[in-house]
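I've put the structures underneath this note.
Here subunit A shows up in two complexes: once beside subunit B, once beside subunit C.
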Partner chain A sequence: MTDSTPTATPERPAELPAQSPPVDPAATSAAAKSPGHHGAAPATGRLSFWRGDSGEGARRNLGLIGVLVVLVVIGIATRPDLYGNSSWVWDNILTILKLASVVGVVTVGMTFVIIGGGIDLSVGAIVALAGVWATTLATQSYGAGGMIFTALAVGLGVGLVNGLLVSYGKLVPFIATLAMMVAARGLAAEISDKQTQVSGNSVINGIASTSPLGIPLLVYILAAVVIAGWVLLNRTTFGRRTVAVGGNPEAARLAGINVRRHTVLLYALSGLCCGIAAIMLTAQANSAQAAMANLYELDAIAAAIIGGTLLSGGRGTIVGSLLGVIIFSTITNLFAINGLSTEAQNMVKGGIIVAAVLIQQFQFRSFTQFLGRNRLTTT
Partner chain B sequence: MTQHSRDLSRRRLLFGGAALGAGALLTACTSNEAAPTAAQTKVAEAAAGGNSTPGKQVTIGFSAPAADHGWIAAITNNAKAQAGAYSDVKFTSVEAGADAAAQRAALSTLVAQKPDVIVLLPHDGKELNAFGLEAMKAGIPVVNLDRAFPDARAYRLQIKGDNYGMGVAAATFIAEQLKAKGVSAPVIGEIAGMDELELTQERSKGFADTLASYGLKVANRRAARFTADSGQQEATGLLQALPKIDAIWNHDDDQGIGVLAAVNQANRKEFFMVGGAGSKKAMEDIQADNTVLKATVTYSPSMASSAISLARLIGQGKGMSDLVELQVPKEIVLASETITKENASNYLKLGF
Partner chain C sequence: MSQDDNAAPLVEAPADTVAGEVVLRLTDVVKTFPGVRALGGVQLEVRAGEVHCLLGQNGAGKSTLIKVLAGVHRPDSGEVQWRGQPVEFANPQAAMRAGIATIYQELDLVDDLSVAENAFLGHEPRRGGFVRRGHMARRTREILGRLGHGEIPPGRMVRALPAAGKQIVSMARALSHEARLIIMDEPSAVLAHDEVGNLFRIIRELTAQGIAVIYISHRMEEIREIGDRVTVLKDGRTTAANLPARDTPTSELVAKMTGRNIEYVFPDRPADTGAGAELLQVDGLTRAGEFADVSLRVRAGEIVGIAGLVGSGRSELLETIYGARRADAGAVRMGGRALRPGSVGAAVRAGMGMAPEERKSQALLLGEPIFRNVTLATFGRFARLGFTDAGRERAEAEGVADSLELRPRDVRRPVRTLSGGNQQKVVVGRWLLGGTKLLLLDEPTRGVDVGARAELYQVIRGLAAQGVGVLLVSSEVPEVLGLADRVLVMREGRMVREAPAGELDEDTVLDLVMAGSLMEGAPA
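Moving on to the complex of A and B:
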């Protein structure tokens, strides 16, 4: 360990407007005209939106928005009859966002865990357990408040157990949360006696069917969680510590961060997000059962990864993860409106994950560097 | 400084107390009492001299996959309840685990206990065919429940539902209703179950074949996963794809809870819906007639109760008292019946 400072370099979104594209052409031509005059350091400083490290997250997100645009164009090309109707289009946007809302909330928690250097395979199981626990007849007798409290408390509790196992029990996150995935689904099946538990609470069911100001409540919840997650990651010491712990736990420890406690908090946060998601999913389906939220862990991890979160930790953005979730739900929507089968949809999803990661690795790192190098040598 | 540490300990105490209280409250919340649905399919015949008169003691071994769905859970419950209704039946059940290999292992421990008859809902009929052959060779009659063995020598009795018939019944109901309403060029949607299962393919084939005979076809078909949340998701997609629908067939009433939720959330009521399997909730909805669900086609888990009754007769060497044959027949396929508002009250006791 010769490096005394932690190597974590979180991006600074506040600087992005100042480095917006209009500055770019001049900077590029300046660099092209006088190669080697100023040296590399000031040039990369000015070019940073397209080439530097600090703009990388924003560039990735632009790439994701590009993918989204392509998906919408495919939709318009395949179903012009539907896309011709503007009220249907608005309705469809809301439908896609509603579809994204539950996985989106789970993904926010997952993003924190992955940035912090861990992984949480138990999220789907926690959603199912929290949902089932909140819809038992005994819980339902306490009304909507009791159900919401139960879901949040169960999610938080299971997340805490995950965190304690990982940080103090020194289990590998993969193993600890894999064990929790199996155990939590088992407990959910035990509690529900393997039956579908119908929610008879009109307040809970109403969460999915009310739309204040024409926008579904589920979308507001997603927005609130995403904004809270963004602030927590980018504007608080908690967020800075998360990036530091994920980037280099040893350096973070030497810098005075209580890495163990922080890890516990990260898994608890993920659990809490699952609790929120459990309420949303229960409201959507008017019921809960042990098999619900099937494979949400994979959806959430995939969304975080294509959103640019580094699986080894230390880097990632909430906005990128959100875009990842929205891309997946747009694909689902695209296949539904075209009446194509789920099998084809799953194959495309798998392809998109690989393609997104390949494009990010290839285009934004090597390709721009390659271009830049070429331009410098030709002049 | 002492002040400070006292503060800390008080905070800790408060947090600890809150956590304990929450824990206590939560554990109290796991109870699911007030749901005594166990005896829903007991059909104890009262007639003296019939099949129900106590006879030779029979040990029935039972194995079904670990339930992750209301229907499978109902199968196990019904079998247990039916066995309990007979004084001359001893019921031993083994957990079949998660897949065919686990079930094979569980069944071999069952065979070692030398039951008189084995009633078995295999994970996969093809994969457990060899077990059926083996047990039959060892002289233990095997009753196959619902998932057929390809080899006729592998079972003494096969009792199953009619997946193709479900599709036929649903399509017939939909086509007749549309004809009565005089709808021309109707838009029909289908929400299937797990697409990788053969039974889903059979149901869809029956549906499509019958619709074709009326000159109709399915406009959009989405496959869910037999769970309410997947049903909600796929139904939302279906509703989004078809701005105007005349009829929907949903393969499974458990996932139908989610489908109905999606219909409510989208505020759509221009169509009617037919369910599948026949859950209690679906029958109550049909009876109340306040949702788009107007009918459901049965695939009743009561077949497990019947399987136990017949296994008992096989063990005692008796035939079915109403039939002329001296022994129980080899194959029984339940008809898929259509439950509507008019006859729902008759079927309510078979709902799971």
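Moving on to the complex of A and C:
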């Protein structure tokens, strides 16, 4: 009775794809064998490279654009005099983008860390440490190249330490980066002797003041980082590993992904973004000090969350994070042009964070409810 | 009692030893999950003051039945009568309030609260918003005394207690609710031998107070010692009810548990199995407390099945071979080359793939599309200079979906929306891409419906026919016997038998798996 009982064996094609194990590791393309059901299978065109593939994320981003439109409408309603002037409007857009540029670069790195299941509280402190280190008299003596290299290396190095603490030291990300936040600010204060270090390098300072084709260089840098981040997340194995590691670390590990090494790389990436931000911020102020980039970690986390990045990891978009940052700087701008206090501004920002998360939870819940209903009807 | 008469032909004459009134009666209870009929008509009758044993193989529906009684699941149809009234518990709290307490295998205690706080968790005695700590401690001490364990201090942190002590606290919680029915899911599994005697003494004291106990265990000698009546479940149905626990022949119980199963349709075994070269060599593999000195071989094209109960160390063994756990001693070799211990990456590069036991938590990115789950282990091979090739990935995944008859076929749908069987196909299908030589399958058909099961068996046999070696773990003995070419039986971390599948039958394997306990006192 233990023998196989093929009484009702259905005629089932048990053969497997051509590239199946074990003889043919050359992996002849299954595309040739089974031309996909969706026509667009051999997606190698230039356009398809840029096409997003997450409908859900795109819908969320449309919502964020809706919020931006509402903010602009409020601006028009409150200051019709300014919005009547088209050259002012263009200048104001550039002002907002410039305002968003530094935090935006930090947020791209933060988005990767959060999607990967972590959090980086030390980004503001890393920006300060990198800025201070890049503006010591010794570093400045190597010129702009030396300063840029120093800022990037410091950011990358501190990020690596974060990553090693989290993945190999098995510290909770919150604790590891909290400790780094305190320590890096301390080191920055130590190096600068709590003084403001003036940057005498005209190339560095020029980064904030030049505007090729009428658009500030800082905005170009933001755009470059955002595009690089988008490609990295959506089109590379690094991005795929990030989503896998954050979405289900155990599944990623059992699929052969080196979860620890990838975690290190994520924090290093965040640190590198902080190094870039440090140069931008130093250029804007023509100086660096230990207290610079204060609370950037909170701005970056808030922007990522508003942008739809799941705090528990596994889901998020670069475009959403960018929109989150732009929404924040638009609010700041809105209050500035109306001459209102930053206190009221902060209250509104807090409200927006809560509203964004509430809306996401609601969407998620109704989504799962929908699934539940679906399931009942199918069984 | 006359109520027995209307309880279907399954019900045999009640044992005379039990005189209490019927407190719980289940009639034709059905519960389905997506794609799986977990309970397909369960009858159960429990009397006050009796120990009613539930017997059944893994997957027979015991856990689902417990959860229905505990208010975790609601039945789709059928009736649950509690103390004469039809009831439907909206949540676990409602079941607790009604007087049904459940002690799960993995005890649901809060380690960092005290014994008293755990016993009264969720219904602490209060006055004006403050917990009456003194009163709570006094009542806990009193309950612990009733359980014969007055020596456990109510203020002690639960973390500091041994497993047996934690179990006592779980029972104290049940008594704090004034439970009239206590369900115990394999309570002896976590206990040492002498502690089991103490557990039985407590159970006897409880039943002497008129409390009914539903006792679930795989160990036949325990059922004989503590049980009054036995109900047997198989494939979600009651196959025998109210058998006297002490004198029903073991052979009869085993027959009711196993019975021939029309649901299993296994593909034909090819005539020339085991002809391939040796692929996997495991020698003296040991992990303290999990398994010891395990050696085994898997040849190319061969399906090797490991039979064993949950807790026999089989899943841990599989994960250790795969490098997901680090062995304390012993070696794993693929094609003669030793693998770096504790490295999944090394195992995958050597050609291993694994479908782990817990699909959702260990294998899938539920929110991601099907094709990304299929290519989770191989997307790097389809990439160029680190850039992924979504079109190629999707095409490869579609090839897998075609060969596995995945439903729905649209590989862009999130995996979350698939049934259990199709999710499992995605996990297995992952390893069809990119040169996997050895497939490790841990409970490949758990939570998988009948049709998809047969398909999975075809897939596994088809892989073997192409020269892939398969090492399969399952707690369903018929599955191991029907699918594997060679069978290894594992018990308490050791291999106790190895034989070609054709030389073993289900009863023999069950005997070996259950520590030989079915042999004892068996008149047949």
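In this section, the second predicted complex is superposed on the first by the 309 of 379 C-alpha atoms of A that agree within 3 Å, B and C clash if a C-alpha of one lies under 4 Å from a C-alpha of the other, contacts with A are read in each partner's own complex, and residues count from 1 in each chain.
By our rule, a residue touches a chain if its C-beta (ideal position, glycine included) is under 8 Å from a C-beta of that chain, and two chains touch if they have at least 3 such contacts.
Values in this document were obtained by computation on a predicted structure and should not be read as measured data.
Legend: residue contacts after superposition of the two complexes on their common chain; A:S192 is shown touching subunit B, with no touch to subunit C.
Touch criterion not met for A:T242: it reaches neither subunit B nor subunit C.
In the superposed pair of complexes, A:T95 makes contact with subunit B only, with no contact to subunit C. Of the two partner chains placed by the overlay, neither subunit B nor subunit C lies in contact with A:T309.
Of the two partner chains, subunit C is the only one touched by A:R253; subunit B is not.
When both complexes are aligned on chain A by C-alpha atoms, no subunit A residue touches subunit B in the first and subunit C in the second.
Residue ranges on subunit B touching subunit A, taken from their complex, read 22-23, 26, 28-35, 67-70, 72-73, 195, 219-223, 225-234, 236-238, 240-241, 243, 254, 257-258, 260-262, 264-265, 281.
Against subunit A, the residues of subunit C that register as touching in their complex are 32-35, 260, 264-269, 300, 322, 324, 344-345, 347-349, 351, 354, 356, 361-369, 372, 376-377, 379-381, 383, 386-392, 394-396, 398-400, 402-403, 405, 409-410, 412, 416-417, 430-437, 454-455, 458-459, 461-463, 465-468, 478, 481-482, 501-502, 504-506. Of all the residues in subunit A, the ones that touch subunit C in their complex are 1-10, 12-25, 27, 29-31, 33-38, 40-44, 48, 53, 235-240, 243-244, 247-248, 250-258, 314-315, 371, 374-375, 378-379. Interface residues of subunit A facing subunit B in the complex, by the touch rule stated above, are 82, 85, 88, 91-92, 95, 98-99, 133-134, 136-139, 142, 146, 150, 153-154, 157, 189, 191-198, 205, 208-209, 281, 284-294, 332-333, 335-339, 341-343.
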